[in-house]
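The chains carry the letters A, B, C, D and E, assigned in the order they are written, with residues numbered from 1 in each.
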Amino acid sequence: MTGLVWTALALPLAGAVLLAVLGTRLPARGAGWLASLVMLAAFACSAIATVMLATRPHEERAVVQTAWTWLTAGSFQVGLDIWFDELTAVMLLVVTGIGFLIHVYSIGYMKGDEQERRFFAYLNLFVFSMLLLVVAGDLVLLLAGWGLVGLSSYLLIGFWHQKPSAIKAAKKAFVMNAIGDVGLALGIFLLFIELGTTAYQGVFAGAASLDSWTATAAALLLLVGALAKSAQLPLHTWLPDAMEGPTPVSALIHAATMVTAGVYLIARMNPLFHAAPYALETIVVIGVLGLLMAGAIALVQTDIKRIIAFSTMSQIAYMFVGVGLGAYWAGIFHLFTHAFFKALLFMGAGIVIHALHGEQDVRNMGGLRSVMPKTYFCMLIGALALVGIFPLSGGFSKDAILSSALEVGTPLAWVAYIGGLVGALLTGIYTFRLMFLVFHRRMSPYAEAVAPKAVKHHGEGPSSMLWPVYILTLGAAVVGFLQIPGLTHVFFDWLEPIAPAGMVEPSAVQEWLTTLIAVSIGVAGIAIAGHLYLRENDAPERMRLGRGRLIDHALEHRLYWDDLYEVAFERPAQWLAAFLRRDVDRPVAGWLPTDGLGTLTAFLGRSISVIENGVVRSYALVIALGVAGLLLALLVRAA
Amino acid sequence: MITATTLITVPLIAGIVILIVPFAQRLAGYLALLVALGMVGAVAGFVYRFEPMAGYQFGDDAEWIPQLGIRWSVALDGVGLAMAAVTALVVACALGYGLWAGRDRTHATFGLILITEAFLFLVFAARDLFVFYVGFEGMLIPLLVLLAVWGGEDRRRATVQVVAYTAFGTLLMLVAILWLGLTAPNGPDFSMAAAVGRGNDLVFWAFALAFAIKSPLFPLHGWVLPAYRQSSPEVAAVLSGVASKAGGFAFLAVLVPLFPEQSARYAWLFIALGLIGFLWGALLAFRQPDGRGVIAYSSIAQMSFVVLGIFLLNAQGSTGATFQMVNHALVSAALFLLAGWLETQAGSGDFRKLGGLARSRPILATVALVLGMAALAVPGSSVFASEFLILLAAFADAWWLGTIASIGIVLAAMYMLRWISAVLHEREGDLVGQLRPPDLRSGALLAVLPLALALIGLSVAPAQLTERVDPSSQMMVSGAYGEKEAR
Amino acid sequence: MIEAPNVDVLAIAPEISLLVGASLVLMVAAFLRGRDRGVGVVIGIAAFAVSAGFAIAAWGDAPTVTIAQALQVDQLTQAVRILVAGCGILTLLVALGWPRMREAGAEYAAILLFAATGMTLIAGSNSFVTLFVALELFSISLYVLCAFDRSSKASLESGFKYLVLGTIGSIILVYGAAFLYGATGSFQFDGVAAGLAEAEPGAWLVVLGVVLVLAGLLFKIGALPFHMWVPDVYEGAPTSVTGFMAAATKIAAFVALARVLAEPLAPVRDTWEPVLVVVAVATIVVGNIAALVQDNVKRMLAYSSIAAAGFGLIAIIVGGEAGSRALLFYLAAYAPMAIGAFAVITLHERDHHGITTLESIRAWGFARPFAGLAMVVFLLGFAGFPLTAGFLGKFLVAGSAVESGWAWLAVVGAIGSVIGIAYYLRVILAMYDRSARSGVHAAGAPGLASVSIAIALCLGLVIAGGVLPGIGIDWAGEAARVLAAGR
Amino acid sequence: MGIVVFFLAAFLAIVSALAVVSQRNPFVSALGLLGNLVSLATLMLLLDAQFVAAAQVIVYAGAIMVMFLFVIAYVGPRGEIGPGTRKPWQVVLAVVAGLLVVTQIVLVVWTTDFGKPSSIDDAFGGPGAVGQAFVTDYLLAFEGVSVILFMAAVAGVILGAGARPKRLTTDQVLAKEGEAEARRRAASRAAIEAAREAEPGEAR
Amino acid sequence: MSVGLPFYLSVSAILFAIGLVGVLLRRSPLTTLLSLEVMLNSVNLTLVAFSRQVGGSDGQVFALVVMGIAAAEVVVGLGLVVAMTRREMVLDTDELRSMSG
C-alpha cells in the first residue's frame, strides 16, 4: 500500500524529469500524452491504495513510512516520511484524479503552443509537489512540498513569459507564497523548540501538552502559511493576477488543488488547532470576511477568469469557516466538491476563451449559448453547483459548513452563518452574472465575428478538452451524494479518525433547514442576476446595485489591497534599497576604506615627495634639523 | 597514500608547472582540468572513507620549522572535508569553463587557479596556525593576479580595493597568530590545539577582522562588488564560490574553537552584523543593475547569514552554516559562470539590455531557473535545508531573531526572481536582439551542470552531508557553547 | 721596542682574500688593457667565493679578538662575511648585464671588493676607530660605484649627493664618537661600555655622544630623518650598484648598529630606545607612503628599502636573542630579493633602452616570462607574502616584537606592509597589463645570461628561505647569539 | 701667554672658516681653509698634540689644498656660484639648524664637569707615542686608511682620468642597441607583412 | 689660569656649525666640499682636545685617521667635480636635481 503511495508520488516527478531531459526529442503531441498517462497511473495507484486503506481496521489506517533521513543536525532530524491516512487519501484522489483530467484537457488546450513540452513538465512537477505536500509525514517535508507547489505555480503562471504582466503576476504569487512559507517555517520552528520534533506523530501527540499561548502562536504562524497558499485575507492579492497563466493551470492550481492546501493544512493540524481555540476563531473571522469580500469583488470583474478566481477565493473562505468551526470534514468535503465544479467552470471558461481566440473579457462575449451548447450545459451545471442548488454537489458541502455553524452556536458561529448566507446570495449573483453575460444576451460584435467561425471549423473544442469537462460535470452533479444529510454518511465516517478530539457534526435537521434557506437565497441571487443582466442595456459590466461611484470604484480596485501593499511595503523597500545603495553602501563601504584611504595616502605621499626635492643641501638641512631636533628632545628629556 | 598533504601539494606543484612551462593553450587547459578532476576524485575518496565520529582524518603531521614550533599539520574533519569537496568541484568546473571560454595565456590562468585551489585546501585542512596563515594569505596572490591581469575594464581599482581590505585584515591576524604561537607556555607552538582558549580580546579581534573581511561580513564588504564584477567568470566563481568560504570556514573552524570565551561574549555582535548584512545584502541586491551585482550582494547576504549561523553556537547553527557554505559555493559559482557566459554571449550583464533569453533557449532557461530557485532557497532545495537549519537555530536563540532573519528569505525571493525575469523573461533586450546569443551548450553547459546536479543531489538527501558534518561542527562550537551557557 | 700586535691571519683571511682579489683584478686589468675585462669580474667572483669559503670554514670557531682589540671575529662577523660575499657574487653577475662592463669591468670589480671589505670589517669592529675606518672604506667605495657610470649625469649626480650627505653622516658619527671618548676615555667598545656604565645616568655629554653616533649609523641604514639621500642615490646609481647597496650595505650598517647598541651603548639603552622607536615608526610610515606615489620603479624600491629599514629597526629595538636572530634573518632574506629585483630592472633597462618606470614596464612581464615571474616573487617577498623568505623575515621580526611586549610595533609594521602591498602591486599590475602592448621585445645581448643566472639564484634563495627556512633560522640564531650575549 | 695664543688662534680659525663658507670665489675659500687649518694646528699645539698639528699642516696644506687648487683651476670660473640662494626658507632653517647645534653643544660642554686634564709625560703627542699607537693598537685602522687611500687613488683615476678615445656614453650604447633592435624588428615586421600579402586567406 | 677644555670644544662646535651652514647654504660643489673640510677639522679639534683631557694618544690617532680619510674623500669628491665638468654639467648643486620626488 505504501509502495503505491510512493509510486504515485514518484510518477509525476519522473514524468517531469523525463519531459525536461527528453525535451525536443519528444514529439510535441507525445508530451501531453506521456504526462497524462503518468497522471492516470498515479491516480490508479492512489485509488488502489485508498481501497486498501479502506479495507484496514480503523485504528490501523494511519500509516507512516520513512524512506531515508532527509536532514539532520544535532537533535534535529527530518525523515523523508510519508503519512497515509484517510485525509491523505482524499487529497491524493482529488489531486491525481482532477489532475489527470486537467492534463488531458491541456492536450487540447495547449495544442500548437511551441512550448508544449515545457508546459507538461511543469504540470507534472506541480502534481509531484502537491502530492509531496499531501503525503508528507513531517512538517518540514510538508513545507518542502508547500514551497515546491509555489515554485510550480510561479512557473505556470509565468508560462507565457514574454508577457510582462504574466511574469509580474508570477513573481507576485511567488513572493506572497514565500511570505506564507516563512510563516509556516516559523511555526515549525516553534513546534520543534517546544516539542523536539517536526514529525506528525510527535506533533500530534505533543500538541495537547502545549500551553495555550504557544499553541496559539504556532497555530497562527501555520495559519500565515495557509492564508498565503489559499489566497485568503490579507495575503490574497496574488490569486486574481495569477489568471495570467494558461487556463488549465487556473483550473488545476488555482481552483482544485494548490489553493486548497491551506484548508488541508488546518485540517491536518487539527490537534494543534484544537489546542488553540483563538486561532480557530481567527480562521472563522478571516473566512467570513474573505468570502464576503471576494464575492463582492467578483460582482464587478470583467475578466472571465478573474470572476471565477474571486469566486474561488470566496469558496475557500467557506472552507476556512468550516475548518475554523471545527467541522474539518465539512471543510474537506467542500474542498472535494469544489475541486469538481470549480475545475469544471475554469475548463469551460477555457473552452470559451479558446473559441474566442484568447479573449477573456466578458464584455466581448454574450450569446454563446447557441454557438456552444455543450459548453453551456456543462458550465450551467457547474454554476448551479457553485451556487449550491439542490441536488448538485456544492449545495451539500456548503450547507454542511453553514449548518455546522448552527451546531456550534456561539455568537461567532452565528456571524459565520449569516455571513455565509449573504455570501450565498453574492455567489448566486456573480455566478449567473457570468453565465448571462457569456452565454445569454446578444452576442457582442467581437464574439459574433469570431466564435461561430471557430466553432464551425473545430467544433466546441477537441475531444481531449470536452471529455474531461463531461466527466467533471458528472462529478459536480453527483459527488455531493456522498453526504446527504440523514441518508449517506460516507464522508464524515471516512474522515472521522483524523481528528482525535472529534469533529463538529450538525444534525440532519439543521442541515436540511440550512439547505432550504441557502437554496432560496441562491435562487434569489440568480434572479437578481437575471434582473440585472439578462435585459439588454448599455453597461452590462456594471453592478448596478451600488450606484455610488465610490463602491464601484472600490470594488473594481479590489478594495485597494494592492495599492495598500504598494504604498506600505513595495515603495518604501524600493526607496530604502536605492538609498542604501547610492548614499550609504557605495560611499561608506566601497569608497571610504579603499579609494578614500588611497586618496589620503597618495596625498601624504605626494607631500613627502615635495620635501624630497632633489636639492642636496635641502637634504642636508633635513639631516641637520633631524640631528638638532633629536638632540634637543633627548637633552630636554635628560634634564 | 593519499592524504591531506596530497590535496595541497599536487595542485600546487601542477599549478606552478603549468604556470611556468609555456604549454600550448589547449594542452595546458586539459592538463589543469585533469589535475582538478583528480582532486575531485581524491576528495571523493575522502568522502567515501570518512568516519563522521572520528574527528580529524587523512592527516599528516611533521616538523616544518622546529625553531618556531611550527609543524606541517594538516587534517580534515567533517567541516573541512565538506569545504574541500565543494572546492574541488567548483575549481574543476571553473577550469572547465575557462578551458571552454578560452583566455589568452591560458596556462597562466589555469596554473594560478590550481595554485588557488591548493591554498584553499591548505586553509581547510590546516591544524597549525602558521600553516593556516600561509593558506589564508597565500590564496590571495593568485586570485589577485587573476583579477588584476585578466579582469575587466576597471580591474585596477578592483584589485586595489581587494588588497586594501584583505591585506589589512590578514596582516593584523598575522600579529595575532604570532602572539598566540610565541607566547605558548611550553615554548613556541603554533598548533591550533595549543592555542585554544589562550587568546585575549585583541587577538580575538585581529582574527575576527581578517575573517570578517574575507567572508565578507557586513560592513566590511566594500571589496566584493568590484572584485566580483571585474573578474573573469571562472575567477569570480572561484572567488565568490570558494575563496570567500575561507572566511566563513575560519570563523567556524578557527575563531570559535580557539576563542570560546570571546566568541560567546561577542556572539551577539556577530549575530547582529550577520543579521544586518543578510538584510542589507538582500536589499542592495534588489537594486543592482546587472547580474553580477545581484549575485555579489546576494553573496554578501548569504555569507553574513552564515556568520549569523555560526555565532548561534549550537548544533543546528553550525551545521547549517557549513551546509549553507557548501550550497552557496555551488550556487554562486554556477551563477557567476552563467552570468559570465551571458555577458560574453549577449555582450553585457546589464538588465536593461538583456531579457527574453528563455525564448527558444530551453537549456539555458532550465539551468538558470534551477540555479535561481536554489539561490532563493525554494523549500525542498538544499539551500532551503541549510537556511532552515540556521533559521531554526536563530529562532531557538531568540524568536524575534529568527523572525527578522526570515525577512531576508522573502527578500531573496524578490531579487532572484528579478534576476531570472530580467534575464530570461519579458521582452527581448536590445543586445539579445542584435547578438542572438545561442543556447547554453557544450563546454559552458558541462561546466555549470555538475554544480547544478550537485545541488539537486544535496536537495534529495541533504543528510548525507549534514550527518558527516554534524559531529565536527558541534565539536567546533562546543567550547563556546559551554561558555555561553555558563554566562 | 714596539711590540707588534698579534695578528691572526686566518681570522682575517676573508678580508685578505677580498683585498688580494682587488689588487689582482687591478693588475690583470692593467695587462688586459683594451681587451675583454670580463676576466676582472671572474677574479672578483673568485675572490668573493674564497672569502666566503674561509668564513664558512671558520663557522662555529670560538670567537676571537684580533689585531689588538680592533676586530672581533665571531659568528656574527662570519655571517656578514658570507652574506656580503654572496651579495658581491650576485652583484657582479648582474653587473655583467650592464654595457659599461666591457670597458670598466675590472675597476668595478675592484671597487666592489673594496666596498665589501669595508662591510665585513664594520661587522666585526670592536672600536669606534675601526668602525669609522670600515664605514668610510665602504662608503667612499660606494660613492665611486654610484658615480661609476661617468657618462650618465644621473649617476654622477647620485654619486655627488651621496658623497656630500654621506660625509656629513660620517662626520656626525666621528663627532659623536669623540664625545663618547671624552665621556669614557676610550674608543674600544668594552671601554666605552664600562665608562658609560659608570657615568651618571642621563649625563648630557653622553646623550650628545649617543645621539650623534646613532644619527651617523641611522644615516647609513637610511632611517628617518636621515633617509633623504636614499631615493636619489638609489635611482641614479647603476642598477647593479643599487641592488648591492640595498642588500649588502643594509646588512653591514644594520649589523654595525646592532653591535654598537648591544656592546658599547648597552648601558644607556634608556637613552636610545625612545629615539629608535620614534625613528622606526616614522621610517615605516614615511617610507611606505612615499613609495606609494612613485612612478620610477627604482625610486619606489628605494622608498621601500627605507620602509624595510624601519622594519629592521623594530628588530633592533627588540634586541636580545630573538630580536637579533630576526634581524639577521630579515636582512639575509632581504638581500636576494633586493638584488634580484634590481637585476630584473637591469634586464628591463636593457630591453627598454631607458629607465624603468611604471609606464615603460607595461606588459613587459609577458615579453620576459621568467624575469617577470621572478619580479613578482621578489615583490611579493618584499610585501611579505607567505612562502617567500621575505615573509619569514617579517614573521620573525614581528614575532620577536610580539614576544617581548612590542606588539604595537609589530602592528605598525603590519599596517606599513599593507600599504607596501599596494605599491608592489602597482608594479605587478603594470608588468602584466594586458591592455597595453609591450613595446619591448626581449632582446638577447651579451651579459644577459649572467643576469638571468643571478635572478635564478636569487629566486631560489627567496623561495627556499620561505619554504624551508629552518637552516637559515638556525644559522641566524647562532650568529645572533653574539649580540644577545653582549648585553 | 697660552690664553692669548688660544683666543687669537680661535678667532682666526672662526674668521677663516667664515671666509671659507662665505666667499664667492672658491679660490679664496680654499685660501680661507688654509688659514683655518693653520689656526687649528696652532690650537692643537696648545693641546700638546705636536705630531697631529704637524700632520695637519703637511697633509692638508701639502696634499689636500694642492688638489683643491688644481681642481679649482681646472674648473675655472664655472666653480663660482654666488652665495645668493633662491630659497629664503633654506637660509632661515639652515641658520636655525646651525644655531641649534652650536648652542646645544656649547651648553653641554659648559655644563659638563670634565675634571682636571690628565697629567701627561713628555712623549705625549710626539711622533713616537702616536706612531706606536698607530702600529700597535690601531694597526687595523692604519691599514684601513691605507687601503682607503689606495682605493681613492684608483677611484680618482676612474673618475678624473683623461678621457679614453671615442668612448660612448651609456645612453649612446643603449641607443645604438636600440637602433639595431628597431632595425631588426622592422625587418621582421616587413617579412611578416610580405608573408601576409602572399597568403591573404591566412591573415587574421 | 689656563684655557680649559670647554673653550676648545666650543671653538670646535662653532667651526662645526659654520661648516654645516656652509654646506646648507652654498651651491657650488667646490665650496660644499671645502665646508665639509671645515667640519672635519672641527671634529679633529674635538678629538685632540679630548685626547689631551684623557691623556691617551687614542684621540690623536683617530684625528690622524680622520685626516687620511678626509684626503681620500676629497680625492673622490674632486674627481666627481672633474667628471661633472667633463660631462658639461652646471656646477651648481641646486641644479643637480634630475632626480626628485
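Here is the rule we use: contacts are C-beta pairs under 8 Å (C-beta built on N, C-alpha and C of every residue); 3 or more make two chains touch, one makes a residue touch a chain.
It should be emphasised that the depicted structure is a prediction, and the values quoted were computed from it without experimental measurement.
Asker: Out of curiosity, which chains are bumping into both subunit B and subunit E?
Answerer: Chains touching both subunit B and subunit E: A, C.
Asker: Would you kindly count the fewest steps from subunit B to subunit C, each step being a jump to a chain that touches the current one?
Answerer: The least step count works out to 1.
Asker: Find the most central chain, measuring centrality by the gap between its CA centroid and the centroid of all protein CA atoms shown.
Answerer: Of all chains shown, the one whose C-alpha centre lies nearest the global C-alpha mean is B.
Asker: Quick check: which two chains are joined by the most contacting C-beta pairs?
Answerer: D-E
Asker: Indicate the whole-number Å distance between the mean C-alpha point of subunit D and the mean C-alpha point of subunit E.
Answerer: Result: the chain centres lie 7 Å from each other.
Asker: Just curious, how far off is subunit D from subunit C if you go by their C-alpha centres, in Å?
Answerer: Those two chain centres are 23 Å apart.
Asker: Between subunit B and subunit D, what distance separates the C-alpha centroids? Give it in angstrom.
Answerer: Computed from C-alpha means, the inter-chain centre distance equals 62 Å.
Asker: Go ahead and note the Å separation of the Cα centroids belonging to subunit A and subunit C.
Answerer: 78
Asker: Which positions in subunit C touch two or more other chains at once?
Answerer: Residues 129, 133, 136, 140, 143-144, 147, 150-151, 160-161, 164, 168, 182, 203-204, 207-208, 231-232, 293-294, 422.
Asker: Could you say which residues in subunit D touch two or more other chains, in rising order?
Answerer: 90, 93-94, 97-98, 101, 104-105, 107-109, 112, 114, 132, 137-138, 141, 144-145, 148, 151-152, 155, 158-159 - these are the residues of subunit D that touch more than one other chain.
Asker: On subunit E, where are the residues touching two or more other chains?
Answerer: 16, 20, 23-27, 29, 32-33, 51, 53-54, 56, 58, 61-62, 65, 69, 72-73, 76, 80-81, 83, 86, 93-94, 96-101
Asker: Can you identify all of the chain pairs that touch?
Answerer: Pairs of chains that touch one another: A-B, A-C, A-D, A-E, B-C, C-D, C-E, D-E.
Asker: So in the complex, the part of subunit D that touches subunit E is made up of which residues?
Answerer: Subunit D residues touching subunit E: 2-3, 6, 10, 13-14, 17-18, 20-23, 26, 29-30, 32-33, 36-37, 40, 43-44, 46-49, 51-52, 55-56, 59-60, 63-64, 67-68, 71-72, 74-75, 78-83, 85-86, 90-91, 93-95, 97-99, 101-102, 105-106, 109-110, 112, 114, 117-120, 124-125, 129-130, 132-134, 137-138, 141-142, 144-146, 148-149, 151-153, 155-156, 158-160, 163.
Asker: If you look only at subunit B, which of its residues touch subunit C in the complex?
Answerer: 19-20, 22, 64-68, 104-105, 133-134, 137-138, 140-141, 144-145, 148-150, 156, 159-160, 163-164, 167-168, 171-172, 174-175, 178-179, 181-183
Asker: Using the touch definition up top, name the residues of subunit C that touch subunit A in the complex.
Answerer: Touching subunit A from subunit C are residues 160-161, 164-165, 168-169, 172, 202-204, 207-208, 210-212, 214-215, 219, 224-226, 228-229, 231-232, 271, 274-275, 286, 289-294, 419, 422.
Asker: Enumerate the contact residues on subunit B facing subunit A in the complex.
Answerer: On the subunit B side, the touching residues are 157, 160-161, 164-165, 219-223, 225-226, 280, 283-284, 286-288, 314-316, 319-320, 323, 356, 358-359, 362-363, 366, 369, 373, 376, 378-380, 384-385, 388-389, 391-392, 395-396, 399, 402-403, 406-407, 409-410, 413-414, 417-418, 421, 424-427, 461-463, 466-467, 470, 474.
Asker: Mind pulling up the subunit D residues that touch subunit A in the complex?
Answerer: It is residues 87, 90, 93-94, 96-98, 100-101, 104, 107-108 of subunit D that touch subunit A.
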